[in-house]
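The block underneath contains the structure these notes are about, expressed in structure tokens.
Letters A, B, C, D, E and F name the chains as they come in the text, with residue numbers starting at 1 for each one.
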Amino acid sequence: MKIITMGEIMLRLMTPGFRRIEQADHFDAIYDGDEAIVAASLARFGMEVEYVTKLPDNALGETCLQQLRAQGVGCRHAARGPGRLGINFYETGVAMRPPRVIYDRAGSAFALAQPEDFDFDAIFEGADWFHFAGITPAVSPQTASLTRAAVECARRHGVTVSCDLNYRGKLWTPQQAQAFMKSIMGQVDVCIGNEEDAEKCLGLKPAGTDVYASRLDLDGYRSIFRKMKELYGFRYIGCTLRESYSASDNGWSVLCYDGQEFAQSRHYDIRLVDRGGGGASFAAGFIYGILRGLPLSQIAEFAGAASALKHTVYGGMNRVTVEEVWELAGGDASGRVQR
Amino acid sequence: MKIITMGEIMLRLMTPGFRRIEQADHFDAIYDGDEAIVAASLARFGMEVEYVTKLPDNALGETCLQQLRAQGVGCRHAARGPGRLGINFYETGVAMRPPRVIYDRAGSAFALAQPEDFDFDAIFEGADWFHFAGITPAVSPQTASLTRAAVECARRHGVTVSCDLNYRGKLWTPQQAQAFMKSIMGQVDVCIGNEEDAEKCLGLKPAGTDVYASRLDLDGYRSIFRKMKELYGFRYIGCTLRESYSASDNGWSVLCYDGQEFAQSRHYDIRLVDRGGGGASFAAGFIYGILRGLPLSQIAEFAGAASALKHTVYGGMNRVTVEEVWELAGGDASGRVQR
Amino acid sequence: MKIITMGEIMLRLMTPGFRRIEQADHFDAIYDGDEAIVAASLARFGMEVEYVTKLPDNALGETCLQQLRAQGVGCRHAARGPGRLGINFYETGVAMRPPRVIYDRAGSAFALAQPEDFDFDAIFEGADWFHFAGITPAVSPQTASLTRAAVECARRHGVTVSCDLNYRGKLWTPQQAQAFMKSIMGQVDVCIGNEEDAEKCLGLKPAGTDVYASRLDLDGYRSIFRKMKELYGFRYIGCTLRESYSASDNGWSVLCYDGQEFAQSRHYDIRLVDRGGGGASFAAGFIYGILRGLPLSQIAEFAGAASALKHTVYGGMNRVTVEEVWELAGGDASGRVQR
Amino acid sequence: MKIITMGEIMLRLMTPGFRRIEQADHFDAIYDGDEAIVAASLARFGMEVEYVTKLPDNALGETCLQQLRAQGVGCRHAARGPGRLGINFYETGVAMRPPRVIYDRAGSAFALAQPEDFDFDAIFEGADWFHFAGITPAVSPQTASLTRAAVECARRHGVTVSCDLNYRGKLWTPQQAQAFMKSIMGQVDVCIGNEEDAEKCLGLKPAGTDVYASRLDLDGYRSIFRKMKELYGFRYIGCTLRESYSASDNGWSVLCYDGQEFAQSRHYDIRLVDRGGGGASFAAGFIYGILRGLPLSQIAEFAGAASALKHTVYGGMNRVTVEEVWELAGGDASGRVQR
Amino acid sequence: MKIITMGEIMLRLMTPGFRRIEQADHFDAIYDGDEAIVAASLARFGMEVEYVTKLPDNALGETCLQQLRAQGVGCRHAARGPGRLGINFYETGVAMRPPRVIYDRAGSAFALAQPEDFDFDAIFEGADWFHFAGITPAVSPQTASLTRAAVECARRHGVTVSCDLNYRGKLWTPQQAQAFMKSIMGQVDVCIGNEEDAEKCLGLKPAGTDVYASRLDLDGYRSIFRKMKELYGFRYIGCTLRESYSASDNGWSVLCYDGQEFAQSRHYDIRLVDRGGGGASFAAGFIYGILRGLPLSQIAEFAGAASALKHTVYGGMNRVTVEEVWELAGGDASGRVQR
Amino acid sequence: MKIITMGEIMLRLMTPGFRRIEQADHFDAIYDGDEAIVAASLARFGMEVEYVTKLPDNALGETCLQQLRAQGVGCRHAARGPGRLGINFYETGVAMRPPRVIYDRAGSAFALAQPEDFDFDAIFEGADWFHFAGITPAVSPQTASLTRAAVECARRHGVTVSCDLNYRGKLWTPQQAQAFMKSIMGQVDVCIGNEEDAEKCLGLKPAGTDVYASRLDLDGYRSIFRKMKELYGFRYIGCTLRESYSASDNGWSVLCYDGQEFAQSRHYDIRLVDRGGGGASFAAGFIYGILRGLPLSQIAEFAGAASALKHTVYGGMNRVTVEEVWELAGGDASGRVQR
């Protein structure tokens, strides 16, 4: 199976040991990004993956390539050129103190990328799946065009298309998001997104009910999913169900829909190591399950366990094996050691 | 608003990563002290603050000055001279293993300070508030005299005086504490202290009831507060209500009293990063609320949220903003990230 | 009191800060091993202890000696020679992600040790107690012979013998374990081991009942203990009762039996720093209590508190004092600081 | 003496321990900038200093303020606003491998600063000296305007003006530099710059001689200095004389000129800790010497020793005392310890 | 150009900061090996490289793959299986204290590799070059057979073969080395090795002269090279010329021979960061130069500069670019920064 | 051979990585002291050593014991009691920036020690050698008494006595030093000290010659040694000859005298890792050589190589083996690796 993902990989600069930015005599360096995490997960799960992006022509760009290649992700189509590497200063939260993020990503090489940087026909030749997140078209007008070009080319090559709506209020407005997303959803086969994404990106607010009153009003999710299916004909829809007990502990499960049935994974209580990449790790597990042809309940358990595990791994990339995911999905969450 | 605090700032040498002292190949260095923390908090909250102390005439003393100035605390009146910098070896606790402290503070420059090291009239000229903790007079006979001199001078200049009783059994006996405290309480406007402080520093043990049976017997606290008000005419009394579930997790709220009403802040469950400075951060929030003229319930919520947040911050100083405090006081303790 | 323990000390290479092995740019180095931990605990508790082992003749072997001597453990009888130091790569678990262990211990100097490396008569001259764990005979045929030789010599010198069954499926099969253990249990006075150990090492599976259905079916434990006593005449039997809530949090208590009475220690909920050495720390506390002639309930409380504390200490060795153990055993698990 | 400096402070992200960028699992964080270093030095030397800049309105901007205040630098006139904090990725060189720098400073809050962000009349009221470096007008058209406005206002207030030409080929061309610099030199009293600066910024290339043939052709420097004096009437001119033996070891001395005499400091061979801030530390020493009214030879020795010492200090700021500078200037470079 | 290298990659565990093994509370982890370094260099220089090895089937083996792939090295033919990862404990030397190495490599997966683990015909199909070092056949009888099989298959496919003699006294005796090497040299086109290698591996000791009297008796090297050419018909011969001033500073140059001319690179004085991989980095530069068809003097300068630079890079892999090598080879060793 | 040393062991708190005290977010912790280093060296060289001291009754005192025992030093006679552990803040120097030391050792448990803390008769029973440094009597009047008591008891038991004069101007004046030292030299067999020590401690200033004009005027040293022998009848005299090129690089050799011959060791140029303990390591090598009955030239080479090596070892204790010392003394200072 050959999979293409496209997006931006950034440098995440994290304060160490719960220190605040003003206390950091150094920043831990993580290179990640939504579609890069999906790519790495799928490569780890044994699939052939190419990651499409544009990187600055300096040592930071080279480092991104090394990080991706290390995970087994192909970078044949990664362009290089002027512009900087986007940065995300990140102060890990704890207890009731939330993480603090300073986005410093304007002017990145990816934001400045042009369609002619990529040969989409070559990219999608022989591919089975294309995945992107809503962050990608939100980065800049150029990347919105890129995204559209990629989706269209993918369709021409008969490639399945998945989109993680992933609304980011710091990058675009609901109006901008809907203008783009509504126009492209018809070409998407598999959609990932929760109620907030549905409202912000697709304008789907269930009438007569406040689904936000309870974070886990599954009926609200189900009705949104059915509506999304109805409007755009998605083959699969999925989302994660995060419960923010605090910045240190979260509840977690996922919900999957194949247009007929719903399947919810088991529920996990997680002591967080790094919550970054939780959503992307779900996307990767979801795609893996679909590509493997698993029954829906198994897809949900696999994608749920994979994304839950991610929260215990430092950095955005989900550094686990298929065997570890199945072991957890199989029910042993006791954290016992084998000797 | 111009605020004066006076006390000792020390070097806290902490073992890293839950290691015990015998395992530490290095010690993390923190510079803090009760009134220094109050000063830093109030400066961060936008007030003009001067910190009165005496520091050794070496690089450690210079470092203390840098740490204070960095927080916006004025050090115009900080004296320098012979003596050492007090040290506090600190082994962070975890679960049911308590923190272990080795006090190594005898002979500090502050302990040896003389009244002539300070020009109190210049210090209190134009000031609005003076704050000290019970640790300060307990350090040495010299610092007891200094404290008395400072309080008297503050009164002469019409400055509001607050005292955090903060009984320290390693520095003086209840007899010594009461001898000093009872004689000076009449000059104090705002008193901070819990039942134990009231007993040890003021000899106020409620008859016929064991208030210690339940850590959070609020009636006990209220009766003590009323008694303190009656005896010394305090304008405000406040204290923190810590529940030591373990060395890793605490419950937290605060109780404030304006002589008529009581207000208790909401309750927080905290994963501890550093419990040092929790009490001083309450004092700072309490003073801030009073100086801002907030209603009592808002004072309690602000001081409660500020001091709860402190427990998630490394080091004694409460490195938070007024906005962050209000955000938490407003009720969102979910630790969610904004992107 | 003079105590002898014999076994293998290894280099544990731990990934730092919850990183996975592939992310580790360094490994934290810990030197520990079951009987070495018992030896260190008993030396810290004030007893005279000699540790019998064989170490490689290089700087790693020298480092093991330094680590042991630092704890007050005598190494007069530690042999040196060819072979390597066994290594244990250890990835700390978190939440529902279990610790991951890569054993790399084949070919160690200890595995290659010969009886003539040790003068057992000199070793046991004047000794009061000999302790070994089931790991030791499992390491290699040579160490099985060594163990037998040691036990027999200990008996000849009238030394009390204790054995922690400690079954390790990566080192031998139940058949191998039973062949050795059944033949030597008659010479053992004090046996440590839970139901799984009893089944794997002694073939004692209680008929007609699934004791594994509930992790803490104390009746199952009690019936096994009675059976073990009946068969081998042990003076004391003890075991730990771990509840794996997750890789981050465990429940903990211990069960002791003197052939007549059972005593269970109080129960602890533990935030784990390092779970390594928990069992060995129980063994040490158990032996200490018996040697001190404490009543059974006190033995259980001491051994329970000692081994619970271990989980909050980095590294396998239980770096606590007798006073700290009694303080916790006395009931204060609040983790409060004394100032 | 009250001194004003104006410029940009940036975040320098350094790879640790001679690692290359691709190897860095973290970056050490340094906050520095040419005029900020001058300000910090002069404040450490006991002068009153205000630093004029514009910082982003986030935690990184706040951190810059803390770093400056810690050094005793006044930040009353530091503006805050939109834009990012400029970043400088820095890979320390060693032996014949040069340092590698990735500038990532476009779009900074300072680059976007407007004249109305600053009240120059208030800034220069009562000031004695104004210092800026050639980097500041090179950052953006806005900062060039700011620089001009500042110099003109300073002149109106009778303030001495010093400029460190400090040509940066990554920020502007010689044409741009000359257009600005030539037009403003008439208002500058004290000029710092070497032959390359004189050529790039002032177009002063000595005819008929290749001064670059020998790095330390002092006659070339002297003739350039005389020419600069002739053209612009500078009261003082100074420069540093760096000999790059390798990225690990440098030779160092400085040359000062008062329009009549030349004075060269003694020569130092330096094992480099951090070469950043060497030039700015010379500027600070030069200004200090002039303001203190020292004889020219003493100015040179003080400024030479101060800037040589800087190379042994981590970070750009010259964390030394006047006493340490004089001690070295007095001739003891043996690095002996006093006990 | 497609290049194949074959050998063992190991885990190097280094003590941090000049600490001795007994002082190391952690070990820095480096994954390197002679042919792996050659492979990484050539991949960085833009060539297609496949690395043939056998790795243990655990997370350490996976980490090796990630490290290699990150450098752009293909691992399609890397086998996995039982056995451990070889370890090399390494204590960095300083001044006159030499590095201390503890080899712990017996029983590695590579040492146990079988010919059937590799499909050599597939490996050499379309390849241009095959490189191995003398370490590889020295590891075990199995790897000696593997090496022979690989060389023979390479020849059948018309692939150029290079060998770095690289004698290791800890792995085999001169007798063993000569038995293998003499029998295979006829199939080698390019030989790398100095006088000691020539003596130990090929038995070529120049009669009547003590070439060791002077480390850099170039005549001795030249006569040995001519003899080697005469006996085995090598197309190229090369070696490095290290001068061990101390464990901190080395002199460095290289000597190349094309059967007719000799070319020596310029000489470098190096402050060492990590001397590991110096020889392999020369081999890579030498191969690169030959494959690029450079004149001999340019080959020597490129290979000399590349391998000199390696000493300033942490870890065995030569993390430099072709541009950096040429920049140094072009003569600028001043270590100046470009801004 | 059984050796006794007596003195104070302190906590050295070092700033990491050339940072200044104000930059240190942590301090590296070293436990050392002159006689403790001598004790550790001799124990490593295979001798039986007991270290006499008094330590505080807290975890820091316990840590000192662990550090000493780890080196094989007996601590049977180490007393415990009130008082603190002396501290030495240490900022490593570099190039021409000297180390900066802040002594914080007043009030230590050792300074407060009383004769009745030690049973000197038991201590010296069966001993062969007693060593102390001039620091020990300088610490406090109590320790001066202790020293006298120890020396007298040692003489009564026929124990050889050695003294390293080691004048410390921060602890006593020349007058105080001479009053003590002159009165006790008659009981000393082996004296270590250079010209400065001879002047400050013994009042021996060679008339008519300025021996300080040249640091290495060996004639001056020889005449002083002869004079010392004449006055006090020492059997051996020795000293180190340090050349402070800079705080990073030193020259080093040693001079030994047996009352008839002089022997100077070979000369070393040293890149410093940690200069602490250089003198004490010489003392240990000197004592070792004498006790082993080596010829004077061998004593000098051994003691010179041992103390030179110390400078390359982190921490004060000389963590080397007899074999390593002889290897260097034998002439190989090239720092080559053996593989």
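As a working rule, contacts are C-beta pairs under 8 Å (C-beta built on N, C-alpha and C of every residue); 3 or more make two chains touch, one makes a residue touch a chain.
Just so you know, these numbers come straight off a predicted model, no measurement behind them.
Chains making contact with subunit C as well as with subunit D: A, B, E, F. Ranked by distance of CA centroids from subunit A, the top chain is F. When the interfaces C-F and E-F are ranked by how many C-beta pairs touch across them, E-F comes first. When the contact pairs of D-F are set against those of C-E, A-C or A-E, over half line up by residue number only for A-C.
Rounded to a whole number, the gap between the C-alpha centres of subunit B and subunit F is 45 angstrom.
Counting partner chains per residue, subunit F shows two or more touched chains at residues 20, 22, 25, 66. Remark: subunit C residues 66-67, 69-72 touch subunit F in the complex.
Within the complex, the subunit A residues that touch subunit C are 268-273, 308-309, 311-315, 319, 324, 328, 332-339.
Residues of subunit B touching subunit C in their complex: 17-20, 22-23, 93-99, 101, 103, 168-170, 244-249, 275. Touching subunit E in their complex are the following residues of subunit C: 13, 16, 20-22, 24-29, 58-60, 62-63, 66, 84-85, 87, 89, 91, 100, 102, 104, 106-107.
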